[in-house]
Every structure is written in C-alpha cells, then in structure tokens.
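Just so it is clear, A, B, C and D label the chains in written order, and each chain counts residues from 1 on its own.
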Amino acid sequence: MIEQKVVDPHFMLFEAKREKKFITGSEVVKEAIKRANVDMAISYPITPQSESMHLVGDIYAEGYLKDYYRGENEFAVMSAASGAAMGGVRVFTATGGPGTMRAFEMFPTWSGSRLPIVCAFMTRGINSPLTIQPDTIEMSFLLDTGMLMFHAEAGQDLFDMLLKAFIIAEKTEVHVPIGVFIDGFFVTHTRESIEITPEDMKLPAYDPYSAPVPVMDMENVPIRQIRDPFVMKSNFVSYAAHASWQQEIQAAAERSRKYIHQYLGGLVEVENEGADIMIVASGTAVSQSREAVAMAKKEGINVGLIKVKVVRPFPTEEIRSLTKNAKAVIVPEFNIVGWLCREIKTRIDNNEKVMGGPRVYGGMTMPPELILAEIRRCAK
Amino acid sequence: MEERFSIRMSGLGGQGVVTAAHLIGMAASRDGKETAVNPFFGAEKRLAPAESYVRISNMPIHERGEVLYPDIIVIFHSHVVNMGKSYTMPFYDGLRPGGIVLINAEGPHDILPDDMLGLKKLNARIFYVPATKIALDLADTDLSSNLAMIGGLLGVKELVSQEAIRAAIQERFGGAKFIASGTTAALDDVLKSKFSKISQLVEKNMEVIVAAMKQVKEFLYDEESLRIAAAKQQNGGTTMKAALIPSARVNQELCIGCKRCLMTCPDPNVIMYHKAIKKAEVVEIRCKACGLCVAVCPKEAIKIDYYDN
Amino acid sequence: MELKKVTNYQVLPGPEGFLPPSAASMGIDLPGKDMSLIEGREVLEEEAMQKIAEKLLGAKNPVFFPGPQILWTWKEGVEEKAALIKQMADAVGAKIIPIPNHPNLTIWHNKIDVCVFVGVHCHYANVALKIIRGGSNCYTIALCGVAGHEDAMITLREAGVPSYKRLLEIINEKKGVSK
Amino acid sequence: MKKELLRISPGFEDVMPLEYKELIENGPYFKGYGVNDLGTYKEILEEHPLCAGCGLALALRLTLASLPNPEDTIVVGSTGCNSLGFPQAALQNIHSLFGNQNAVASGLKRALSLRFPDKTKDVVVIAGDGATADIGLDITMHSWFRRENITTIMLDNEAYANTGGQESGMSSKGTVLNMAPTGKKFPKIPVPELARVSGCDYVAVVSPYAPKKLERAVRRAILVAREVGPTYVQIFCPCPTNYKFKPMEALDIVKVKEVDGSYVSKEYFSPEAEELIKRLEGKKDKKE
C-alpha cells in the first residue's frame, strides 16, 4: 500500500498531474475507490460487475479500505450498506442487471434515509430469458428512486464520476445516494487509456456529522431521535410529512445541480451546437454517436451531439434549449423501452421531431452505421 | 336531482368507528340507496386516530378516499376535538356550510372558542349525545358506544330506517363470516361474548340506538353557551367529558410491594413503585386496562375500575 | 454549459393550493456564500437580518423552534449559540417551543404567525418548512448553520455566533427605534 | 455516549418537554438499571399504540429495561407490530425494511467498530417472528454464519399480527389463522436450533412472564455478542388480539405450553460464551 495524503478535492481532480494507464473499466473502479478514502465496501458477485468488486477487495487487503466483505445477496448487501452509512462511514458497493432488481427495495430507502452511498451499476439485461449481456433497461426502473444518476460514456468518465459522486453525494443539502452507471462489457471489459490522479492522494474523509439527519451512533444529539422515515401515524400532519418528505428528496436532487456544474462541468456536453439534426445520447450510445457524427460530416451532413452525463436530476432546460431549433432529434439507446427518448419527449415542445431510436438490446452492439442511417433519413 | 350526504366519522382505534360506518352503509343499502363506505387508518392500533367515511345518495357514487368536504361529522371521542387526534386540523376542516357536527359528550361540551367561532361562521349545527354513558347503562358495555352514535346520528337526520339498522346489526353479528381487519374481527368477538344470544345483542343495541335518538341535543350559539365555552378555555382548555375510562387501581392496603405487576404491564411507566412505602400505584391516564396486573397480583390488590377524567 | 430555470416564483406564506411545491422544484436556489434569501430572492445577509428583525418585532405570536443541535450541549460552541438565541427570543417576546424530534401539531395548535427554525437537522427542517407552507400562513425564518433552506421565507446560511450577534444587535436597535 | 451529551443547553431547561427532562433527571442512562427497577425511573419506552395486554409490548418493554448499556445501544427493528413501539423509544433506532434487519445491523456494527474502536457499541436487532424466521431468515442466518457481533432478539407472537393475524413460520402446526384456513401444515421453525448450528455462541428461549429470566438472557446475549460472537434470544409473546384470548389469560397460555412441551424455555452456551459469562457473573451458576 502506498502512503496517501488527504488533499483538497479540487486540487486532486483538476490540478494534480494525471498519469495515463491502459486499463479496463473494472480496473478503473479499483483506481477510483483507492483514491476515494472509502471506509467500507460490500460486494456480491454478478456478471459483469464481479471483477470490479474483486479488485476493490484486493485494495482492501492492501489496506486502502478499513472493512470489506461479500454479502449473501444484493438485497442484503444494499441493506448492510445502509446500516454502515447510518453508522457514519463512507461506503461503496456495486451491482448490475438482475442484482439491481434483487436489491431494488433498498434504493428508494437509501434516498428517503438521506444516505450518501455511491453505487456503481454495471448495466446488463434483465431476465427472462437469462442474459448476461449489456442493456441499459435497469436505468429505466431506477429513474424514480430518488437516487442521482450519472451515466459514464467510457472509462475516463467512470473514474472521474465515481470520485466526484462521493463529493456531491455528501454535501449536506444534497446527501442522497448516487448511482454511477456504466454499460456492462462495453465499458467494464474494454481496455483503454485512462488518465488517473496521483496514487498518493485521496479525498478527505466523510464527516458523518455533516449529514442532514442524525447519525445512528448514540454519540450525537441524544435520544428519541429516529432517523428513518417513520411517519405512518394517522393524522393529517403525518400525510403532510410524508408528502413533504418526498418533495424534499426531489429538492435534494435539484440542489445537486450546482455541484454537478462545479465538478462535472454540467449535466450535458454538446458537440456542434445549433445543428439542424441533434443526437441526444448517454453511455456507450454517446461513443457510437461520435463515430456517426464524424461519418455524417464526411457526407456533408451537419449533426450535433448532446451527451447526457446526468440523468437524475434531468437536464431539462439544457435539452430544451439545445434542441429548440433542431429539425430532428435522434435518441439512440441500448434498451427496448427507450427511456431517454421518453424523458426528452415529455420535456420539450414540438416533440414529434424526436425520433425514438435506433435502439438495440439483449446484448447487441449498435453500429455507428445504424445511427448514420437515421441521420441520413432525417437529413432528407 | 342528486341528494348526497358525505359523512366523516372520527374517533380512536377500537371505538368502532369503522363498524358504525359499515352498519350505516349496510342499512342504507337495504333501504335501496346508493352507498359507499370506507375506513382509513394508519398502521396503528387502539387509541390512535381512526376515521371512516360513508357516502349515501340516490345516484351512483364514484368518489373514493377520505371525505374531505363532509356534510356531517360524527365524533366518537373528545380527543378528536381537543387533543388533535384527528386527521385534520381543526377537526371540522372541510365541513360544508350549514353542515352538522355530532359529538359523543355528556353535557354541553366546550369546543374551544376559536373553533366555536369557526363553526359558527360556517353556520354549522352542533349536536351532542352521551353515547358511552348510554351504552354502559343499557348494554353494559362501552363497546356499544358506536351503536349509540348511530342512534344520535339518526336522531339528527333520518338517513336510514330503524328496520334497516336492525337488520344490519343482525347480519353483521349474526354468524356469517364478515371480512374485517384482524383487530376489528377480534373486537367483534369480544362484543359478541358480552351477550348470551345474538338476538339479545340485537335487542340491547337497538335499545341503545333508540335511547340515543331521544337524547341527542342541539347546542345553541346563545350568549350563555359561548360565555361558558370562553371561560373554560381560560381555565386551561377543555372540560368536555370524555367517555368513562377503565383503568387498573391498586388497593394500597393490600399491596405487599412484590413488584410483579410492575414487570407484567405491557405499557411503560403505567405502574410506578414508591420505594419508601414499598407500594405500587397506577397512573390511570396511561393504563389500557388489559388486566394483566390483576392476573399476576398474589394479593388481589389490583382491580379494573371505570373512572372519569 | 450551464442553464438555469428562469423563475419568478416567490416563497410566500401558505397555504398555496392543495399542496404547495417545494421551492427547489420551482427553480429557487440556495443562497451563495455570504448571501441569504428573502422569499426566494438572493440578498446580502445584512438585508435578510433587517427583514428578520422587522418580521419578529411585528409579529403577534412569534415562536422560536430550536432543534436538537442547539437544545443539547452536544459539542463545543453550542452553549454560546443557545444563549444568543435565548436573548433573541426574549428581545422579541417570542415563545420557545423545542423540536427535539420531528414536526408535530405544534405548528397548528399555537396559531403562530412568525417562526424561526434553528438547530434542527436540515432534513427535518426542510420537511417541517414544507408542511408549514402547506397548512398555515405562518412566516418562516431559518437560521441555518449549513447551506440554508429555500422553503423558508427568509433563510441565512452558515449562520453562527457572529450572525446571531449581529441579528440580536439589529433587533435591539430596531426595538429602540420603535419604542 | 459521552455523559455531557445528556445536558440541555443553559436557558432551554424550562422549555424542554417534560418527558425529556425526566429522561435526563431520572432516566436509565449510565445507571445500570434492570427490570427490578421498573416503576422507579423514566423508561426508555414511551406510551406506544400497541394493543392493551400485548405480550410483544411487554417483551419489548422488558428487553429495553434489560439493556446493559442503553446509553451505547442502537436498535435495529423491522416491519411489524414492534415497529410501532420503536418511534417511542429513547435510543437511536433504525427501521429499514421488512426482513433486512440483520444485514442493516451488520453494516451498522462494522461501521461503529471502525469509528469507535475503543468503545462498546451494542447493536441489537429486535424483530418479530415473520421478519426473523420467514422473510428475513436467510439474512438472519447469514449474519450468524459471518459471526457478526450482534444480538438478535425475536419477539415471537406466532403470527403476522400487524397485518391482521396471518400464519407465520413460527405458528404451531394445526393453528387456524388467516392464510391458514385449514390449519398450518408444518411445525414451528426451530430457530433456536438453527441459531445454534449456525454459530450463535449464546441462544435462549424465554417469555416475558418470567421477567428476571428474560432480563438475564438479554444481558448475557449482549455481553457474549460484544466479545465472542453472534447471539440469539427468542421471546414468546402471546398475542391476545389475533389469538383471541383475554390478556389476563396470557400467563396461563405460557404455562400450558411450557408444561406440554410446545414452547419450552432453554439456554445454550458455546464453551467460549460459558467461560465469559462465568467470568462476568462470578460464581453464580448460569445454568440454573
């Protein structure tokens, strides 16, 4: 284990000299968590996530984390993560696909309990029939759990988003969980060059007493101070409390926007702003779209690309403004339901110009040519 | 033209608020009216706020959920009025102008002056009926208080016929399996156990209903009543008579200070122990009168009694 | 790119509709460093304090809601803050009703026209502030030690002993003038 | 907790609600009270909405009165009747979901061990029979297999009571309850035996009608969990509401079951636990 010093997060992320490493997405997780000053990680194997949590186990063995274990199933793992977070430590875990579904009841519970857990989701198809292949359908189910959702395009995003997720999640006025989503196989198992921060630097430790709720340690303000959302009494105030509680979780997400701008440079990135045809995509669909944009350019078609980095909170104003003058909006996705398309359609005016697709799912790769075909169609 | 009555019944869990609504609904249905009944309660047990709603009309009813804008409010317990044990604040929130409030109380009750003013502004008519007292006097059980409240309600407005109510009681308690929450079903059994035969249960409870119909009285907003109400608030709030409350009581002469009762009471800080004199004492306001302490007392020093708070 | 929701929303006393929205969802941001909010509008802390003093002194039934973080001497510095809050409440003739747990019927029972939240955990304060706007016309003020509360009609942020001292000073000055 | 935590800021003493003042002036923290002191101090549990005569409420009250260090105990509950009591308890407690209580407790205990390596922090799971033996059985047992240093207490009222009296895995064979309209088809799940083979170092079965035995079991379980390994206490809590008997008859029901062998009090120690308890309790015979 290399001796690490705590540094100012801004310095570590934006100023310290980075080193280039040719690694897989799973290794990116290891490198990020190594620098995140995480107290505890809990794991459970599921393809395509397993490798990343093995590697987190390895750095625990080296001494970078204080505690680590394999739980008995994802519901138990996410439950234990909530117990650890309520006890006041920084906790990390990861899952994907069917694991996400198995653990599902815990995600809104994390948000409702104001727990700043960071969870990596290596997305994969959901049964039945059995599949282990990439698919982003689980993100559709998670849209309304109160979690913030970052969608990494590739390994570099993954590294930065994981570290920044801890910083943003732990802000007192935010203090809700963040899911960092990575497309299984396309990112987790792809080896590429990643610029990583110095190995001897780490984020400052989590201060449990900065939480907007009391820590469950019997060491802070005492007694009769429950932390969980127990408002199931029978009177109007209880209903009002529950309604307000739900509003507050959404408000927390709104408050994160400022920090997302500060650390991620915004909820979206745009290429060729103002083009007649705009592609809106997240995750691997962005990478494929970049290729398609370049191909279209060669053919003389001017296409723009909006990369959605953050799905919750949703970049409503950004997408409204950036697609306002576009004649066509193409939304390529790696799932059958087209959740990103749905999100956009419900938020912009003249939404008949939004093309649902192209879409692939069930593990299929989306060739840039497929997106190009859609661009050509729209350009006619 | 549609003639619809929306009734909100508020009380505490275990008082039979849900059952009362059910009986009225069954009776209305027998009378050939359209009706919908639904309870609403949290995941709580006895003595927590409980409400149920009855809608009666000559036209089909589609609306669901809480009756937010009632024509009639029926209040089973004084705590709904003065202790905030209500789903809404104030307890008459949403009452339609000219609406009716019926309260389980023995005498001219004292709704707090501000609430009184609010009700007056609405031209609300306030009625009271000593339902618990009538139930205890005639049926020998406070579990019949809800039937007395039905009587009070019918005394104010003949929403359903007496024949239909009688038939409803017969149907509800007369054998056929009725689907209710576990706790309600358990209380039904307790009520049934108080009477040797179902016919006796029906007759006694009809007596309760008829007596309550006669005894229900209207509160008048005259100066005297309002003055009394104001004076009562100055004296530190309500003096409205709550129902008689059963509680354990220790006969200190018989108590030997063995502490068995202290360790057998399911509720905290109900039975206190006087170290100096080595005697147990019951904090009556906290006692739920389950009788476990009576069962374990080796000296028969504890009894359950009704007292008046 | 950074795009903000353009909003004209004002955080005014309730009730607003059947259930008012959260201020954050209406595009109201928390105040920036050294700033405060009055009814959703970002202002200098001094201006907010002046308004707080006016509101408290003009209230019929002002109430302070101290929360657990100021009710108990659980960490250093709490006593001094508590003493200042007590002086403030006394200076404006406010009642003190502790919120050691989460909000309850107090808000309705007491017909409060102006209230001050201080030392309540941010989450519970936010929930309570929303409930109050939902069901009453109470004017809410938050003296927050962290990032502030956009659902309060007036909020300070990072308020500690210096802010409390200044606020007390303003209250006393205004009281002198009004007398 | 630090003793100084239990101090109201000067100037606010008068306005604090009575129940809080009572807890400070006459509460059980740092006092080492037990069930014998009930009635002489302000209890951790406040008025709760559980039924009159509730055996589970009594078990909960006695359990909280038996905690060796209430000032450093965090309780993890679960869904069920008991979750109606915890919001009224004056110690930090967590209600997460149904059945995940031992996982939450595992994470919590580990977090507290990291943050307070030199302090005693007791993490105690108190959950019903449905939570422990049905929906959460795998999670409960895995916390035992992993040898988490937590105490698991099952308040066994032999039914899902909060939902209106349905059969649970802990109901006796033949019992007619909701969802078992023709009687339960299989016997009570032998959780104490499962606990033993799953690695619990201390296992006890008690009832609230023998309060001092209950107290001793709870204390032993917590002391063993601190130093040796996982522990389990099962408390028989007759439910008058759903089993339809008068509360006054509860005691007789416990006695009858004890005599006919259908619900027998027992205690098991691993050798390490036995040694520890011997050391802590001196010469007192723990197997009486």
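Keep in mind that, in the parts below, a contact is a pair of C-beta atoms (placed from the backbone, for glycine too) under 8 Å apart; a residue touches a chain by one contact, two chains touch by 3 or more.
Predicted model only: the values in this text are computed from it and were never measured.
Of all chains, the one whose mean C-alpha position sits at the greatest distance from that of chain B is A.
Chain centres defined as mean CA positions place D nearest to the mean of all protein CA atoms.
When the C-beta contacts at A-C and at A-D are tallied, the pair with the greater total is A-D.
Note: centroid distance chain A to chain C, computed from Cα atoms, is 34 Å.
Rounded to whole angstrom units, the spacing between the C-alpha centres of chain A and chain B is 53. Distance between chain centres (mean CA atoms), chain A to chain D: 39 Å.
Residue positions of chain D with contacts to 2 or more other chains are 5-6, 20, 46. In chain B, 43-44, 48, 84, 89 are the positions where the chain touches two or more neighbouring chains simultaneously.
In chain C, the positions touching at least two other chains are 71-72, 74, 100, 105, 108, 135.
Chain D contributes residues 1-2, 5-6, 19-20, 23, 46, 71-74, 76, 83, 86-97, 100, 103-112, 114-116, 121, 138-139, 142, 146 to its touches with chain A in the complex.
Residue ranges of chain D in contact with chain B, taken from their complex: 35-36, 38-40, 42-58, 61-62, 81, 84, 161-165, 178, 208-209, 211-212, 240-242, 244, 246-251. By the touch rule above, chain C contacts chain A in their complex via residues 1-5, 19, 21-25, 29-30, 68-69, 71-72, 74-75, 100-105, 108, 121-124, 126-128, 130-131, 134-135, 146-148, 150-151. Interface residues of chain D, counted against chain C in their complex, comprise 4-12, 15-17, 20. By the touch criterion stated above, chain A contacts chain C in their complex at residues 114, 171-173, 175, 209-214, 220-222, 224-226, 231, 235-237, 240-241, 243-245, 247-248, 250-252, 254-255, 258, 261, 266, 268, 270, 315-318, 321-322.
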